[in-house]
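Take a look at the structure set out below.
Chain nomenclature is as follows: A, B, C, D, E and F, assigned in order of appearance, with residue numbering initiated at 1 for each chain independently.
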Amino acid sequence: MKIFGTFGLKRLGAIALAAAILGAPVMMAHPALAQDASSASSVAASSAPAAAAPAAAPAAASNDAVVTYPKDAVNSGDDAWMLTSSVLVLMMTIPGLALFYAGMVRKKNILATLAQSFGATALITVLWMVIGYSIAFTGHDPYIGDFKYFLLAPLNGDINIANTDLAPTIPESVYMFFQMTFAIITPALIAGALADRMKYSAFLLFMGAWLLLVYCPIAHWVWSAKGFLGTGGSIGALDYAGGTVVHLNAGTAGLVAALMLGKRKGLGTENFAPHNLAYSVIGASLLWVGWFGFNAGSAVEAHDGQAGMAAAATQIATAAAALAWMFVEWIVSKKPSVLGMISGAVAGLVAITPASGFVNPTGALAIGVAAGVVCYLSAVHLKKLIGYDDALDCWGVHGIGGALGAILTGVFASSKINSAGKGWLYDGNFHQVIAQFEDVGIVFVYCLVMTFIILGVLKLTIGIRVSEEVEQEGLDINLHGEVVHG
Amino acid sequence: MKLIIAIVKPFKLDDVREALVGAGVEGLTVSEVKGYGRQKGQTEIYRGAEYQVVFVPKVKLEAVVDDAAVGKAVEAVKAAAATGKIGDGKIFVVNVEEAIRIRTGETGSAAL
Amino acid sequence: MKIFGTFGLKRLGAIALAAAILGAPVMMAHPALAQDASSASSVAASSAPAAAAPAAAPAAASNDAVVTYPKDAVNSGDDAWMLTSSVLVLMMTIPGLALFYAGMVRKKNILATLAQSFGATALITVLWMVIGYSIAFTGHDPYIGDFKYFLLAPLNGDINIANTDLAPTIPESVYMFFQMTFAIITPALIAGALADRMKYSAFLLFMGAWLLLVYCPIAHWVWSAKGFLGTGGSIGALDYAGGTVVHLNAGTAGLVAALMLGKRKGLGTENFAPHNLAYSVIGASLLWVGWFGFNAGSAVEAHDGQAGMAAAATQIATAAAALAWMFVEWIVSKKPSVLGMISGAVAGLVAITPASGFVNPTGALAIGVAAGVVCYLSAVHLKKLIGYDDALDCWGVHGIGGALGAILTGVFASSKINSAGKGWLYDGNFHQVIAQFEDVGIVFVYCLVMTFIILGVLKLTIGIRVSEEVEQEGLDINLHGEVVHG
Amino acid sequence: MKIFGTFGLKRLGAIALAAAILGAPVMMAHPALAQDASSASSVAASSAPAAAAPAAAPAAASNDAVVTYPKDAVNSGDDAWMLTSSVLVLMMTIPGLALFYAGMVRKKNILATLAQSFGATALITVLWMVIGYSIAFTGHDPYIGDFKYFLLAPLNGDINIANTDLAPTIPESVYMFFQMTFAIITPALIAGALADRMKYSAFLLFMGAWLLLVYCPIAHWVWSAKGFLGTGGSIGALDYAGGTVVHLNAGTAGLVAALMLGKRKGLGTENFAPHNLAYSVIGASLLWVGWFGFNAGSAVEAHDGQAGMAAAATQIATAAAALAWMFVEWIVSKKPSVLGMISGAVAGLVAITPASGFVNPTGALAIGVAAGVVCYLSAVHLKKLIGYDDALDCWGVHGIGGALGAILTGVFASSKINSAGKGWLYDGNFHQVIAQFEDVGIVFVYCLVMTFIILGVLKLTIGIRVSEEVEQEGLDINLHGEVVHG
Amino acid sequence: MKLIIAIVKPFKLDDVREALVGAGVEGLTVSEVKGYGRQKGQTEIYRGAEYQVVFVPKVKLEAVVDDAAVGKAVEAVKAAAATGKIGDGKIFVVNVEEAIRIRTGETGSAAL
Amino acid sequence: MKLIIAIVKPFKLDDVREALVGAGVEGLTVSEVKGYGRQKGQTEIYRGAEYQVVFVPKVKLEAVVDDAAVGKAVEAVKAAAATGKIGDGKIFVVNVEEAIRIRTGETGSAAL
């Protein structure tokens, strides 16, 4: 079997890592266990019949008051929207992201690029169900979730329970699924940095390890009820839909991966022009369309104006960024490229992600323009200057755009839009900007170190890069035994 | 018999074909090719990287004609393919020793 | 006109069949008429003003109790989800299935393959509106629906009526539309077996006849209020979203069609490699995305945890099957092909379809793994062994996968997930497994016989296969006068 | 900078026009101001706490009674559906329309065609946010909206306000977004008429000017609370989802643009066969799928049978039109082309648009058949006869189809489906047919004149058509510096 | 040495290749081309506009063979490519002055 | 004048072009072709069916050069295209009787 190299020693290393992937949560169990008493009781509370629960449908909540819903009180409209949002976010990865990336590579690597998004989707789904959701979104420990949801066990007994901390008005199955789609796209984004040269076996192991060792902890820190980085924790950073958790995180991992893999053979001398940008336009469009599940879905309900305002902010920032990138490029390079327009749109989507539930339309416009200009500079000029080979600009767009958006969230957040978010400009709360910087810094450093370790282990054991010949001939035929004839 | 090889601009294909037919050529074969010469290719830009496309799209027509018809055929191509701009292309003439029509087995001029 | 052959006799046969398609319901009217008294009264009841109907919005239903809604009490969240679900299922066929299949054929047949999905969508929509819905989803006869909904007449008078038996909280227009999208994709799936060689006129007649003579009766047997195969009938089989009604049914028809059409010219000697698997990846991704309308939509509501749990089960099984197929192929053939991954995903979607509303996450995982392995064996090895030319594996994936899923539903159904489904493993109800086998057997045999008859009649009259020359030159230019230049 | 021509004079003209685009609303301010008193008070009313507002969730409304919702009473199901609808309509433009058009052009213009849809989406989003929504959908003046919503200012203060006139049960952010997606696709449709030969700078300026000077006023006339053409105004025309506002409007503009640009070079002598109809099939399929957001979304709620019936009518008419075009072509040209099927589907979607909320299933079927036949004749035969070069049949399908649908709405509207629409056939109200003709006439003439003026100004200043060489070599490499290699 | 150029119907490619190999030819090169001749192309119709596709898809095989092997090779192509229908294609024979195998530097017949 | 036909590995295209230009060749024409020879193609697998891809992707360069320049040009191609592995390709030399530049009407060496 070719999957795990050929030497006993290397195989050993790989098996160790595979074990680590599945074992990671076990290792994390110790600190988590300390929290068990409290979190267990909260789960118990949520599954106990809510005595005084009103039988009527929930009244529309004002966006200030925290409404407690009884366990069976699924709000059908909230449920409908969150199911739809989950499906939209899944569509962002397959086929959205898959096509966005596949259109930019050379013909011989199209299928391998599609296989990365598709394979990651399958693998992460299973890992998420086994343990990912449990360590990311349950419990009240500030650093890591607990183990109660191993194999999603609590859902076996009652389909109507809710994650009362985070999503009280929808079934927990839906919230778990919604968050799963985030967990899928985040590692999948990294593929943009390692295009055209990574072994598929190493890629899958990397995806799995990174999910459990990097994504899950960070998601817990920022989004769980008492996570230390988020609004329920000591730092109090705002990240509506994942500017740091998703985009800065994936971007940073991409940067590390690009550096550790090295440049693609022929870069600078051969023609690396995208084979079929039509695919990339389809992909970018589906990313845009699906992103409403991402941002407006992060309201986790549809019974007040939160989701709608997040949707409006998303649309405005995205369009502004697409125009900004296009016009800057038009002026600098004399032509508005299609790749520029769609990259600008993605940059806008990325930057508005952390801000979407906190800013008003004008704030969204400003963030969009900033994202278009800054990401253009980073993806086109900074990369050239420094010289790493972030093939499809995972760092340049997601890393830079995510950090930019996170910081600007501190600037533009308005408590009139969301009482949980008081920003600098409208509410005079400069402290929020500092919290955002802390969030960015911590996520960046943690991700950098951990990604380096994971890829380092893989490099020393099974190797992460294909042979020169395989790279030359193309990944499609060599890794997957297929080619695109069209 | 001679093989006339003409490398011309793609949008001239139909004109050249009609001219050849007008000159009595009854069959020809066309390939899409990329040319390198005085005419420079255009520049593609992708996220700041410029790719000088050194090759220019061309079409290659190949027609085998009777010795007697060569002059007329060459003239026809010349007239039809010319725009006066760089990159109009070339005509080459190569000797052909034998020609066979597969369907009938005819050989020589009868096979063309 | 070339549509209907050239000989008077053949034309006659074709006309007879066309007449049969539209006449079929009329012929069925006799038994149905016997049921008119009772079904008429039920319709009357549903349109009568429900006297004691509470004016308030419906309370969230526990998943055990059967709640009766007054006729006007559309639950807006349920309605939103079912509209969305219908749209998602439509997207599964166009462009999902269309691309999935089109990417696997050779370049000369791409448009013809797309035309099959697109044309089937249009044709079946009209037939469904005329009579299909009526004979499938109305009335209380165990064997066939009644005629009251010819041209959907009852909807002309009141847009707020509901199908109180099957979908009490949404308008009947939505339920009719939702079921229409199922009726569209089922026959369209058969196209996978007859790729590259069927006449388009024969294809359309086949689609129409099969819809009315095979799909509608079986849908009625399994899903209508008192259908004899389903939970309201004597056999009591469980089929949440169509493991037998949709997939086994289409797969069986595909097997018959593949055998009656014969092998594609050149099979085994010419290169039949898929022209553009990128299209197939887009198609498979949209199938995956749209399938949440299929399975979670089959809850026919969003006011409790049913839809969410079905969605979670679907996602888990699909991912598990994709991984299973991928790893088995990786071990056996040394390379994980992209076609394998996406085929595995589709196999998982198929197999979880009948089970999705009855199993817990672990059950879904088990069904997914089984589907990936079994469908790999059937599509890749069984086919080779036996030697029929099921071009794109309609039988190997949908037939086998549908039957497998139906049977495993009996094994893994848990009454804690859905009180209507007590299975073997969790509830000790072995009887359910037997019921599932009966369901599979009856659907298989009925479909086999009827499909054979329909295609037999077509073969003897207008012919079902294109000429050898047309097959050689390609269907696109010959049947549709167009080609893909790209 | 190449964007704005090379002569000072021309540049001046362009700047003047750009100024006009942004200044247009200012010029319109004068008449609007007269209405300020009344409209201001209405806005005030809508944001004032509705004293007697019941706290409970809204009861399902019968489709006759007009229900007044309190400002905070977002109906979560309505909200979910309208968010979904907005996303679906966005998907119609990108990637739907983009692909539908891109598949029909020659290889050298694929990216430029995609860039038109994508760039228009970005540009119009920003203009709509700045002022478009304000002048189209606010205020009670019959001719033009007011300025209160400049930069969407009212949304800065409260995310829960609603547009009480037009969408009382959802947040105004959602309604603004939903209408934005209509404002995007309408100008984008025009691109079909000007394919292969328009300058991109001129295209963008045209899009912006046309949005503000043509689309916004007409949308206000037909759809705002007291617009003179619509049901709240003196003419009283019915246009459920935009037969005149969207399709006739875009079609007419396309006709003018085709005439002013002139024919494509080589038309009639060179092969203009579509490069890759597979793209067009994907595009048409996504248009079909997304159109449920368009038509069923135009119910602006999901708490009764309106949206569902509109969805059913849409599906039926579309399928009927696809079949009608296919069979007519099959008879006339001996082959059923794929382009014909998908064009028929689009024709059906267009024609049912104004009628979708007013007709019963049988009415929808009739409108579909009419659309398929009439648009086939206009796109294929009328165009040939008259000889304008409406490249991708913007006028032939959208113009003719929109007008046809608008008129047939007057014929088939049934008050049993929607009490607001009494038509000729079912309600004996011939007056409605006349109102429809008036609507068609006024929209046609206004659009014709204004489009002529806008394009005239552009033609005289920066020019609207690329050079002959650019047209010959392809727009992709010349305008955008990229090509499709695939 | 001679260069044998054979223009044949695409679906005959494998047959012709096998026949050539059977006749002792050890290498050949294939291009996809479009042919114009007696065989007429098909008609594409797009929204009423008919496009006569004047060119027919063909494949061109090129094989350089030893003088002695020419007869056998030509016969092999003829037999394998023939269907008896119009459009079966042509064989042309052109003289080759030198052949070199890049890998080894061998020249002449040894290079083939 | 001679027509130099070189069939080489696709990724060597740019090297070979540069080498030829270095050797004084001012124009050339390139086609994508499929080669059959000692080098075996790879295997594609689709749902269990294996397709031996008998043909290997190659590029064909054609350059017409002056008689005097033939040696240098052939050497240039040989040096640039060689990897030492099977499948490096071939060079064939064919006599050309006439060459015409369409734009100017120049003939012979002046046309190259």
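The rule is simple: contacts are C-beta pairs under 8 Å (C-beta built on N, C-alpha and C of every residue); 3 or more make two chains touch, one makes a residue touch a chain.
This structure is a prediction, so every number in the text was calculated from the model and none was measured.
Undergrad: Among the other chains, which touch subunit A and subunit F together?
TA: The shared contacts of subunit A and subunit F, listed by label, come to B, C.
Undergrad: For the chain pairs C-F and C-E, which is connected through the larger number of C-beta pairs in contact?
TA: The comparison resolves to C-F.
Undergrad: Measuring from the mean C-alpha position of subunit D to the mean C-alpha position of subunit E, what distance in angstrom results?
TA: Distance between chain centres, rounded to whole Å: 54 Å.
Undergrad: Approximately how many whole Å separate the CA-defined centres of subunit B and subunit F?
TA: 18
Undergrad: Measuring centre to centre with CA averages, how many angstrom lie between subunit B and subunit C?
TA: 54
Undergrad: Which subunit A residues reach two or more other chains?
TA: As it turns out, subunit A has residues touching two or more other chains at 56-57, 75-78, 80-81, 84, 273-274, 279, 282, 333, 335, 337, 339, 481-482, 486.
Undergrad: Do you know which subunit B residues sit against two or more other chains?
TA: Each of 14, 31, 44-46, 94-95 in subunit B touches at least two other chains.
Undergrad: Just say which it is for the chain contacts: an open line, a closed ring, a star, complete, or other.
TA: Other.
Undergrad: Going by the touch definition at the top, which pairs of chains touch each other?
TA: Contacting pairs: A-B, A-C, A-D, A-F, B-D, B-E, B-F, C-D, C-E, C-F, D-E, E-F.
Undergrad: Touching residues of subunit B toward subunit E in the complex: what are they?
TA: Those residues of subunit B that touch subunit E are 3, 14, 17, 26-31, 64, 94-103, 105, 111-112.
Undergrad: Going by the contact rule set out above, which residues of subunit B touch subunit F in the complex?
TA: 2, 6-8, 31-38, 54-55, 58, 60, 74, 77-78, 81-95
Undergrad: Where on subunit E is subunit D touching in the complex?
TA: Contacts found on subunit E: 44-49, 51, 53.
Undergrad: Considering the complex alone, what residue numbers of subunit C touch subunit A?
TA: So the residues of subunit C in touch with subunit A come to 56-60, 62-63, 75-78, 80-81, 84, 88, 107, 273-279, 281-282, 284-286, 288-289, 292-293, 296, 301-309, 311-312, 315-316, 318-320, 322-323, 326, 330-331, 333-339, 341-342, 344-345, 360-362, 365, 414, 416-418, 486.
Undergrad: Which positions of subunit D touch subunit E when the two form their complex?
TA: Subunit D reaches subunit E through residues 271-274, 333, 335, 337, 339-340, 343, 379-381, 383-384, 393.
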